[in-house]
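Below, chain A partners chain B and then partners chain C, in two separate complexes.
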Partner chain A sequence: MKGRVIEMDLLKQISDFLQQGDDGKVFDLTKQAIEENIAPKDILDLGLIAGMNVIGEQFRKHEIFLPDVLLAARAMYSGMDQLKPLLIKEGIPSAGKVVIGTVKGDLHDIGKNLVGIMLRGAGFEVIDLGKGVFAEQFVETAVKEQAKVIGMSALLTTTTPLMKNVTDLLRENGLNNQIKTIIGGAPVSKEFAQEIGADAYAYDAAKAVECVKQLIDLA
Partner chain B sequence: MEPLLDRLSNGEIIVADGAIGTILIQNGLKPGDCPESFNLDKPDILKEIAKLYLDSEAEIIQTNTFGASPMKLSSYGLEEKTEEINQKAVSIVKRVVNGNAYISGSCGPTGGILQPYGDVEPDEIFQGFKRQIKALIIAGVDVICIETMISLQEATLAVQASKAVSPKTPVIATMTFDKTTKGYYTIMGVNVKEAAAGLEEAGADIIGSNCGNGIENMVEIALEFKKVTSFPLIIRSNAGQPEIKNGQLFYPEKPEFFAEKIPDLIDAGVAIIGGCCGTNPEYIRAIKKTVELYKK
Partner chain C sequence: MNKFTRFDIHEIIPKKESVLRNMGVPKGKNVSNKADGLISMAMDIFSDESRPVGIHSEILKNEFESTFEGQGKNAKDTPLQHVIPHSNRLALFALTMGKDVCEKIGVLFNDNNFALGSILDAVASLSADKAVSTYERNFSNELLKRQNNQSDNTVLSYSPGYCGWHISGQKKLFQYLHPEKIGISLNDNYLMNPLKSVTGLLVSGKDKIHIFKANYPFCRSCKDASCQGRMKRIINLRKGNERKSD
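For the complex of A and B:
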């Protein structure tokens, strides 16, 4: 029992330092937790993911802004990079695989990066194709990586119609039941998602995580 | 023309132009195209846009150089053409306005995130803006307009770059705010008070906000600025938040709606009023008409 309390205390510290964006401390404490044989899944869930959940919620409420999220994300990765090989070795599956990117022509990627951070922070495996991604790239990567969700972002109003190319391509290839799509970005809406046959729309990164969880269950 | 800053200190209200990008789209700008390449490939469209705004009695006409910093152009492989694009953009507008309006050299964000939050070094941003702004000033702009900024540090570097190139050229610096429960903040967490103090400190001559909001929020933003600064203010509002209807882009606020709110902006101390995304010469004409009426 005493061991469990110390363990919880260490994981709470990881979460706290992650929220403060202290990547050095998160790295060291994650290392310590691994050395103390705390289950990697617990370090992930009760340390890193717990911390990112708080960050996500604070960002949503405008209590913190992008710089704090970026620092917290860096701290998260400093722990995650150590845990990843252990989780794979133990055969612990990720929450699911998601392919993300901003659609062809759109070079704004702050929103997409945020979604990537929050998804990783929620235990998903994220394949980030970056900026200006073609429809074919989204679909080919999702098939190759056996990802269940494609997340598309657009900030420019000019590029939003290109999201439809992805949903069309999935449908033409009969993949729309196994690969779900979610869209986000300032100019798009729930109505637009319905119009182009996307499976979900998220207005912010926290909502995106919630939607992806639901979509993974469907796919 | 009488220097812009002199007119502002005389309490004049000056009307600026509206959007370029949304009109370029109507004229064949495809997703994935570099809007600034129009300066090289389709100057006639830009001439036409400048002419339309001049005809709608805008007194400040922007160059099509929002994304013409070397960092931004590099994503299209056009970094080498930084000087050419910026100079060409100015000469296009110059020929149209012919001394009848101020030419404003538009400089938007580089898209990079500065250290420690991202991996871009401040000097890279500073040198990049210096390169763009030098080209704009050599080609003959009357004012530099640093706009749509979300990072105060990047905005500051851009203002400083402009002043390093030419201390006398006036600098407009505007940031893009989101409405939160605690007031207006950029996504990087800069509030209006911090923006005003930082931009003043950096050496900007005219400060304010553009993009991200419709005209009603812009009135609130202007009021927040008024509380914390005595600098001349500029507001360039979107025609509301964009929506997509039947696959077409749609901005909900009409020119008449804009015009109705203009007295509120003037009362809030705004000296330069123009448009951003979704506006066109009709909006500028409506603004101008209201400003003229207000004066009487």
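For the complex of A and C:
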């Protein structure tokens, strides 16, 4: 019982320092938690993700803003980097796999990166294909990695039509029920998502996390 | 004839408040001390890594018609079609913050330094915008000198990708201006590299020519709407001048 209290206290500290964006402290405390044989899944769920959930909620309520969310995300990564090999070793699944990328011809990736950071913060495994990604790459990777969601980003009106190539390819291969799509970027909209047959549109990274959670349940 | 401009970093670097607004922090709200410190750090990095340069060249109205036509993808009706006939001087321009600062943003993200990377991205974008304003002012002053200070013209910029001028218009603009000379290239999707680059047209004319009703079909899907702010500034300035003359 006493051990569990100490354990919970340590995990709360991880969550608190994560919320303060203190990556050094989160790194040290995660290391300590691993050394004290606290279950990796508990460190993840009750320490890191618990902290990110608070951050996400504060962000949603406009109590904190992007720079502080990103500081917290960095702190999350400092703990996650140590935990990842242990989670894999123990066969603990993530909240779901998501393939993301900026479509071919487009080199803007800040928005896509922010979505990736927020998704990882929410416990998803993110496979980031980077910039200039072909439709086939999105679909092949999602199939190979058994990802349930493909997230596409574009910032140019000339590259947004390429998003349709992905949704078409999924439909042609009968994969559109098991692999859902979400799009984002300045020139796209909810209407455009409907027009190209994408399953969701997110106007920012926080909304993207919310949508991906819903899509994972559908897939 | 092409003219080159090397921008003074101190003149184009944004204020901390502008960076906060750009990152979605509302007026009156703030970020943690740690995040606040990163803004200063990002500004220092920008000062070290950016090489803001520009190129511009005057263009005649008839020459611009063909440039504006671009790949034939513009909206049927655009504000520029109504502005140009009443303008008196035009110049095409391109400017960039340089490749080093863009690469630095990528490096910071790769190192999980998301907050600093994201703030630097905002600083670079805002600086590019301010460099455009500097170009507007410089062109206005240049024309004023030529006319012995006898001019009340207003210079505003218009860019491909906005207000019905299709982004493919970049191609002809590049053919005329050759921004490659300052290190900007264009890909097949009309995307510039380095990313923190801007091209456009400087239009000089009476202030009223720049005022239009934002009720074009493309205005409905526009998320930028910066035209409204520019027009408001012109109208306010005009009101101020009228009050002074009263």
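For this structure, a couple of remarks:
The criterion applied here is as follows: the second predicted complex is superposed on the first by the 205 of 219 C-alpha atoms of A that agree within 3 Å, B and C clash if a C-alpha of one lies under 4 Å from a C-alpha of the other, contacts with A are read in each partner's own complex, and residues count from 1 in each chain.
Rule of thumb we're sticking to: a residue touches a chain if its C-beta (ideal position, glycine included) is under 8 Å from a C-beta of that chain, and two chains touch if they have at least 3 such contacts.
Just so it is clear, the structure is predicted and the values come from calculations on it, not from any experiment.
In the superposed model, A:Thr181 makes contact with neither chain B nor chain C. In the superposition on chain A, A:Asn53 makes contact with neither chain B nor chain C. By the touch criterion defined above, A:Ile117 lies against chain C but remains apart from chain B after alignment on the C-alpha atoms of chain A.
Within the superposed three-chain model, A:Tyr77 lies in touch with chain C and out of touch with chain B [touch as defined at top].
By the touch criterion stated above, A:Gly105 is placed in contact with chain B and with chain C alike. Once the two complexes are overlaid on the shared chain, A:Gln19 sits clear of chain B and of chain C alike.
When the two complexes are overlaid on their common chain A, residue A:Thr141 makes contact with neither chain B nor chain C. By the touch criterion defined above, A:Thr160 lies against chain B but remains apart from chain C after alignment on the C-alpha atoms of chain A. In the superposition on chain A, chain A positions 62, 64-68, 70-71, 105-108, 110, 156-159, 186, 189 are in contact with chain B in one complex as well as with chain C in the other.
Partner chain C is touched in their complex by these residues of chain A: 20-21, 62, 64-68, 70-71, 73-74, 77-78, 105-110, 113-114, 117, 156-159, 186, 189.
Against chain A, the residues of chain B that register as touching in their complex are 21-22, 25, 29-33, 72, 75, 111, 113, 116-118, 150, 180-182, 185-189, 241-244, 246-247, 249, 277. By the touch rule above, chain A contacts chain B in their complex via residues 61-62, 64-68, 70-71, 103-108, 110, 131-132, 156-162, 186-189, 191-192, 195.
Chain C meets chain A in the complex at residues 20, 23-26, 29, 31-32, 34-35, 38-39, 105-106, 109, 112-115, 117-119, 121, 161, 166-168, 187-191, 193, 195, 221, 223.
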